[in-house]
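Note that the chains are named A, B and C in the order they appear, and that numbering of residues resets to 1 at the start of each chain.
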Amino acid sequence: MGVGIEVKNLNAWYGNNHTLQDINLHIPANQATALIGPSGCGKSTFVRCLNRMHETNPIAKVEGSVHIGDLDVYNDASPVEIRRRVGMVFQRPNPFPTMSIYDNVASGLRLNGFRNRRVLDEVVERSLKHAALWDEVKDDLKKKSGASLSGGQQQRLCIARALAVDPEVLLMDEPASALDPVSTAKIEDLIFQLKSQYTIVIVTHNMQQAARVAERTGFFLSGKLVEFDTTHKIFTNPGDKRTEDYITGRFG
Amino acid sequence: MMANTQYKAGKANHWRRFLANHLASGLAVASTIIVVAPLVAILLYLIYKGASSLNLNFFTQIPRPVGESGGGMANAIVGSAVLLGLGSLLGVPLGIAAGIYLAEFGRGGRLANFVRFTADVLNGVPSIVMGISVYALIVLPQKHFSALSGGVALGIMMIPTITRTTEEMLLMVPNSIREAALGLGVPNWRSVLSITLKTASPGVITGCMLAFARVAGETAPLLFTAFGNNFWSTSVNEPIAALPLQIYVYAISPYDEWHRLAWAGALVLIVLIVVSVALVRYVTTRGVLKGAS
Amino acid sequence: MSGLPVTSDPASKSPAPANENQPPSAVRSFLLSRGNSAWSDRAFKWLMFICALSVFFIVALIAWQLILRSQLTISKFGLSFFFKSAWDPVSGDFGALPFIYGTLVSSLVALVIAVPLAVGVAVFLTEMCPKFLRGPLSFLTELLAAIPSVVYGLWAVFVLVPILREHVNPFLMKALGWTGLFAGPNFGIGILAAGVILAIMILPIISSLTREVMTAVPHSQREAVLALGATRWEMIRMGVLRNARIGIVGAIILGLGRALGETMAVTMVIGNRPEIVKSLLSLGYSMSSVIANEFSEASDDLYLSALIEIGLALFVVTIIVNALARVLVWAVTRGAPARVV
């Protein structure tokens, strides 16, 4: 089951670059929340702060607080523990090239020391079904390498991999930007089905996509959260002039 | 008038340039032939001499005393295997670990540059100097030659090659793969070993084989460490025979029978090395990181 | 749900779905039971760090041992050790000059032979070679680099030396004898033989590194020169060689570093006589081969110390030469690691 996310006074730096400035927002549980904005506006940095991936870069720095459910992300636990509870799907499909489809999905559990084969089998099947990939790959789960799938299938494999660790939150950093329209539609369908069980945060540069899948939308600009509201309100009656300019395409 | 002389000068110049062009091309082709010729000569002569001297005894018998014909280098082949095994035991883990540090933790840092530089220095240390250093470090305190000291010398010589190729190969693994592992909450050490290193493993193995092939033929570092042995020995605490050492001893001896054995030994050694180099080349041209986009 | 106000109202923090109280899945409770791995990650990083540092410690250990074990001669002879030509183990008088001379001259001969050939090969392989030949040829040169020193020595003793003695040396004596560089007696073995075998051995290193720096020259440089109507040779000379010259010098110095430290093949053909004679046909001795030959029979401490000091000198010189070469190669390939096979 998903949990909500509470962000307070979040600031992030990349070297001397102040990439996120005083972000405050509440992301409700079991919904899809979209983050839009021009490239370089900080939306990707923002989701990477939620599971502490931002700090894997040595020159990155974060201040402020993030709560996922009742867990204080920056004080209660280590990055490793956070990331086990927060799944992430990246911009470009990144299955482990040396692993079979099965091993890819099982990797999050196996690499953390999980050994029960029976449960693993169950988890792999359930995750692949959740990711709507099961029917396409069930016959050569252990024969084919994850890298041999098509781009769209690879991305769904990555979603299955993220789901296998049973996360409470699923972060998606432009999950469809490297995919063709048909694959994109499949990913969007997936988000629709998954959001009843997981809290989903999706970064996208595609406004139509945000409008299609998300209940709430946040608009980022130059490291600031300009506006955060229901998707309906953002796209029909934005409260801020800059949001309006952006969604009507009068913006770079 | 002036235009005419200019034209003539231009024409002469043209001929000069034309000649220079062809002369240079000819020289380049000629030098390639001159370089390739000795190699072909060495290999052909080696195959000719070695093959005519090779027989089953070479692989099954130990050296006979001077004057008796026959005999082989079985003990030297086994000795080389023991020495290379000991060397790999030291050089492979240490070299890979150092490579992991350079690629995964030390990127661009001062310390990493320093380690990289010392690896290059170690690579350039003449093998004879390596021999006397290990002699001073191990043989002198122990007061006897040993397979162990020979293995240590070879192992140290393997480290730089393995370290640098491991680093290079790990850097070729796309960052997205590392992020995928970290994003699953996998501990970093696990991610490095089971994901990054595994993805780069064909290249890393290539580096190890390259290092292996390089030290397999080393003689100088063994002269005062493994020392050589005319009898069977596999003990790490005793002097041990090695193929290159035996070739050297036989080559500078005055006996034809021993020269014959030296050629046979050289052929065996070369086949061993060529096979591993060819294997390495096959693997690297086949795409080191198959599937890693 | 979507109607919730966008505030940080604490009431909306945990929306408490119906099945909130159901126990966490097997997977989740397993993952929650795993520790935070901070300790193992730190231990791993330290272990890798120690292994990386051990590379430095090995070099330091080598240097320390060489200095320690050569104290006797260093304190007894000081710098004069390198300028004396005495080598008398019986009376305990040692000087390294003949060995330094032999090493330098044989390496120089090797460079004189190898450099033009290596550059020629590199030019041929990068600029002129038909595609189908490039693979086999570079494989051959790689092979040349993989042949062990002792096998080169074996070949030199039984093939190269007789050829030199029967054909090349008589010709050189006749044609160039007046220079004094090729005065008899003609043994076959000697400094020239050592230089020739060294040349064959360092050729692959120089040519592969030269190739590397030549391919690092951007294509636009070649096109710029070609566009001016240059012939191919002029393009190579002005567009490629001129831009790569620092790197080529680096490659040559790296080859020199190899030649200086090379042991087995040189020991087998240089003649092993500690003399300084102008003629290249005369017998000589090199720093590495005196160690190889006399180390195990060095009975007293001073003798051993003298040999180790020669090793120390070799160590220091190769470090300087290698460092210089790397800097030069790096300057051209811009940080891309120069690979030595």
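By definition in this document, a residue touches a chain if its C-beta (ideal position, glycine included) is under 8 Å from a C-beta of that chain, and two chains touch if they have at least 3 such contacts.
Keep in mind that this is a model prediction, so the values were computed, not measured.
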Farthest chain (mean CA position) relative to subunit C: A
Of B-C and A-B, pair with higher C-beta contact tally: B-C
Computed distance of Cα centres, subunit B from subunit A, in Å: 47
Where subunit B and subunit C are represented by their mean Cα positions, the distance between them in whole Å: 12
Multi-chain contact residues (two or more partners), subunit A: 80-81, 84-85, 112, 165
Junction residues of subunit C - those touching two or more other chains: 31, 37, 41
Touching two or more other chains - residues of subunit B: 185, 187-188, 190
Subunit A residues touching subunit B - in the complex, by the definition given at the top: 51, 53, 56, 79-85, 87-88, 90, 92, 94-98, 107-108, 111-112, 145, 147-148, 158, 161-162, 165
Subunit C contact footprint on subunit A (complex, rising order): 1, 3-4, 6, 8, 24-26, 28-31, 67, 69-70, 77-78, 80-81, 84-85, 109, 112-114, 119, 123, 164-166, 215-216, 228-230, 232
Subunit A contact footprint on subunit C (complex, rising order): 1-4, 6-9, 12-15, 17, 19-20, 22, 24-28, 30-32, 34, 36-38, 41
Subunit A-touching residues of subunit B, taken from the complex the two chains share: 174, 176-177, 179-188, 190-191, 194-195, 198-199, 201, 289-293
Complex contacts: residues of subunit C adjacent to subunit B: 31, 37, 40-41, 43-45, 47-49, 51-56, 58-59, 61-62, 65-66, 68-69, 116-121, 123-125, 127-129, 137, 139-144, 146-155, 157-159, 200, 203, 207, 231-234, 236-237, 257, 260-264, 268, 288, 291-292, 295-296, 307-308, 311, 314-315, 318-319, 321-323, 326, 337, 339-341
